[in-house]
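The two complexes that follow have chain A in common; it is paired with chain B in the first and with chain C in the second.
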Partner chain A sequence: MKHYLNIYVKFLAQHLKRMLQYRADFLIGAGSFLVIQASGILFIALVFAQIPDLNGWSLDEMIFLYGYFQLPRGLDHLLTDNIWLIPSRVRRGDIDRYLLRPINPLFQVIVERFQIEAFGELAIGIILVAYAIPRLAIVWTPITILLALVFILLGSLIYTSIKLITASIGFWVINSMPIMTTIYNIADFSKYPTTIFPKLVQALVTYFIPFAFVSFLPATALMNKADSTGILVGSIVAVSLLSLLAYRLWLKGLASYQSVGN
Partner chain B sequence: MSTLKPYWAYAKATFTVGLAYRLHILFWVLSDIVQVSVLLLIWTAIFNSSSASTIQGYTLGQMMIYNLVIYMTGSFAFMRPLWDLAEDHYDGKIAMSLIKPTKYLYEVFFRNLGNNFIGNLIISLPLVTVLVGVSLTMNTGVTYTVANVGLYVVSIILALVISFFSNFLFATMIFLTDATFGMMQLNEAVIKIFSGSMIPLTFFPGWLRAIAEILPYASVYSVPTLILIGRLNGMDLWSALGLQVAWAVGLVIVTNLVWNRIIERLKVHGG
Partner chain C sequence: MIEVRHLSKSFVKYEKEKGLWGMIKGFVNAKKVITKAVDDLSFSIAKGEVIGYIGANGAGKSTTIKMLTGILTPSSGEVTVDGVIPYKDRITNARNIGVVFGQRTQLWWDLPLIESFTILKDIYQVSDADYTERMTLFNEILHINEFLKSPVRTLSLGQRMRADIAASLLHNPKILYLDEPTIGLDVNAKKNMREAIKKMNASFQTTVILTTHDLDDIEELCQRILIIDAGKLIYDGALSDIKTKYGSDCKVSFVLKEPWKDFVDLAKMMDVDPLSITVTLNDDKLEIGFDKRNLSVATVTATIMKHFEVSDLSIQETDIEAIVARIYREGHA
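Let's look at the complex of A and B:
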């Protein structure tokens, strides 16, 4: 464990050096995420100029949800973005190098990149949440703060697991990138209160591809719109099942992997 | 036409490659379905929360039609040369293209056109089906006249040209930065905000709407869409088409000038 931590810190130092070296690239990358999220907020603001609330959700609550949505996403993006490259690595026969070294292959994949551009997502998330919190009647106790942080962590694990599952499919099909993108896009539903959608969609994002646990359900728990214990338990169950499935699928994929032999 | 002949080979090549990846196609369709569904469901929820039956001059049915048509329009006019440029720059292929008798700028145009045909083959059929379904069942009051359909086709061809050259011009910025993915995202975000594909431009406050309508992105998405659903008429229609022509001509000239300068620099420094 300590060995792994050591390696991680060494890699991190290199990534941060790179960030300082290519400052303009970092700013453009992070700035681009800011603009993208700005477009989402613009949409919500323009719509709320026309209606008083959306299915019982006020503008401030929507902004909180939208901001909160960015945090697990940004965290996952920051730390494990390299998983996106698994399908193309498999196709090119580039997985060999992970198998040769005496370190956990998944750890190697993840540590290879530290997606500094994700700071843009995290920044906008923090700004929006900070803007919304004083406008909402959330009672902040040490427990709610802890709960908020735990939910962010669990949410980002949901992202990582779903990403790893869809990436591992790449061991059996030529290119699983489109599958990854499609599933990843389903997360868009959880930028909005899931309850505004038909029951079928609600069931899909709660029980099958549980993006609702990433932001919508935690946000309702924090805003006292729902029972937080139930959501926490549900979230833990979802994360356990998903990450277990993801890791097993990844291992299975590795076992079936045959390099192109160069 | 004979001078175009070698270029069609590029379009044919990307088209054929696109067809070869059948699983891609399936998931492309799924991905589009997800995106369109999110949009339609959100608008339904928005109209359910509104006390009025029309918002900014749109009923729910009309808003659905607007979203479907603008999605279709975006797919018809889809041109994204940024990846080509970034990849060729990285591989050193731009320098190689200088020794070919074809011009790189138009090579990329036709490569994108081949991709565009693939995209249209995939998205248009399901989308048009949904569009017809919504039109028939929801009594939206949108009629498609022959004149509007004809002008839509003209407008789409102009949009295709504007789309390619505006995005190519944007893409030349990758020579200044290595943040390719960031640039791509930025390009998409600017398009999304100013094109009308996120929300009809009438929802914007006056000043923002004025800016958006002048920028080329509205000419790619909003203008053809509004023409087809009959919301651009009389003087407005002709001035919108005029602006499209101006953008198309202007962008072709400016992009050529900029590109030639970049090529000159490449020739001097190599690579």
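Let's look at the complex of A and C:
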């Protein structure tokens, strides 16, 4: 464990060093991200210029949800973005090197990159949440703060697990990128109150690809719109099942990995 | 050290037909094509041996190495390396082995070389003292200090290969797998590489398994060779045995000042069976082929020079190159 932590820190230091070398890249990445986010918020503002509330959600609550949504996503993005590259590593035989070192292969994949641009998402998320909180009737106790943090962690694990599941498909399917992006984009449903969508979509993002647990359900729990214990338990169950499934699939993929001829 | 029993590996490919219709058909029932890359291989290797693992392109060498290193899971059969089943316990196995694939680097492409070494030091938990000692040694035999600060992607092929070898040895592995470590190297670089391998083997009793298409590597380094053809082991034994078995063919060529006109019975002159030698005469060029077990080079040259005036002569022994070409061609040894 200490060994892994040590290696993690070493890689992180490498990345920071490199980031300082390529500051321009970082700024461009973060800048373009801000533009995308601004248009998303503008869209919500425009909708609310027409109607006072959406299925019982006020503008401030929507902003809280939208901001909260960025946090688990940003965290996942920051720490485990390299999982996206698994399919291309498989295709080129670059999984070989992970299997030749005395460290957990998935750990090696993950430490290989830190997506520093994700700080953009985290920043937006924190700004929006900070803006919305004083305007909402949330009573902040140490318990709710802890709950909020736990939900962020669980939410980002949902992202990571789903990413790993879809990435592992790359061991059997040559071009798995469309599957990955399609499923990942389903997460966008969680930016808005899931209840505004048809029942089928609600069921899909709650039970099947449980993105609702990423932000919509935690946000309702924090805003006392629903029973928080139930949502917490649901989230823990969803995360456990999903991450177990993801890791199993990844191991199965490694076992059937064929490398490439050389 | 290494035990391999009835080891096989098949690759499954799904053949796709061309065009849209072919693609649709492919979804329903793609034609399954199975390549048996390694077929019922058995051998064992003792500690400290340097093994040459040779075979034609596509024979299955790299596939075998990948099963020994734990990259590939065998289709059937057993393999243990220092008591560990590589694909089942990759992490333990990885601590025991060093691996170099000549065609691709194991180093971090964008980092300065030295950073790759410090990361590997942490990964393999090499102590500071060992690290300093080994880096000094690597520089002595592989001369890596001159490019330690350059990013790996900027290294020349020869430099990169030296760096890769050094990296594979940093944790002083019990076994070193080298898959074409001299590919693309110039004459001097090859020589240095061989020296390095020899030194490591001598100093640390490192077991080495080497695949190569350069038979000089084999002659320089290996006492024992394994030859594989179409996934099957066709020879396992000493290099010298194969040389005595096939290497006794010899040819001596002469340039004669005055070629003879009438029939000359060379066999009788040398007192051998006429069927045991081949004689060709083209203008002034005479070639005599024979088996060294029946006839010595000395007898042949002496006889010819006694009877004819010779302006030039050369001797061609069958080299390992020719022997191996013949074995690959015939598919057995």
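Just so it is clear, the second predicted complex is superposed on the first by the 262 of 262 C-alpha atoms of A that agree within 3 Å, B and C clash if a C-alpha of one lies under 4 Å from a C-alpha of the other, contacts with A are read in each partner's own complex, and residues count from 1 in each chain.
What we mean here is this: a residue touches a chain if its C-beta (ideal position, glycine included) is under 8 Å from a C-beta of that chain, and two chains touch if they have at least 3 such contacts.
Remember, it's a predicted structure, so these values are computed and weren't measured experimentally.
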Fit-or-clash call for chain B and chain C when the two complexes are aligned on chain A: fit
Contacts of A:S39 with chain B and chain C, given as first, second, both or neither: first
Which superposed partner A:R101 touches (first chain B, second chain C, both, neither): second
Which superposed partner A:G230 touches (first chain B, second chain C, both, neither): neither
Which of chain B and chain C A:Q258 touches, first, second, both or neither: second
Superposed arrangement, angle subtended at the Cα centre of chain A by chain B and chain C, nearest 10 degrees: 90
First, second, both or neither for A:D188, with chain B first and chain C second: first
Least C-alpha distance (whole Å) that remains between chain C and chain B when both complexes are overlaid: 7
Touch list for chain C against partner chain A, complex: 11, 58, 62, 66, 69-73, 87, 90-92, 94-95, 97, 99, 101, 103-104, 106, 110-111, 115, 118-119, 122-125, 179
Chain C-facing residues of chain A, complex: 3, 6-7, 10-11, 14, 18, 93, 95-97, 99-105, 255-259, 261-262
In the complex with chain B, residue positions of chain A that touch it: 22, 24-26, 28-33, 35-36, 38-39, 42-43, 46-47, 49-55, 117, 173-175, 178-179, 181-182, 185-186, 188-189, 192, 196-198, 201
Residues of chain B touching chain A in the complex: 21, 23-24, 26-28, 30-31, 34-35, 37-38, 41-42, 45-46, 48-50, 55-56, 177-179, 181-183, 185-186, 188-190, 192-193, 198-199, 203-204
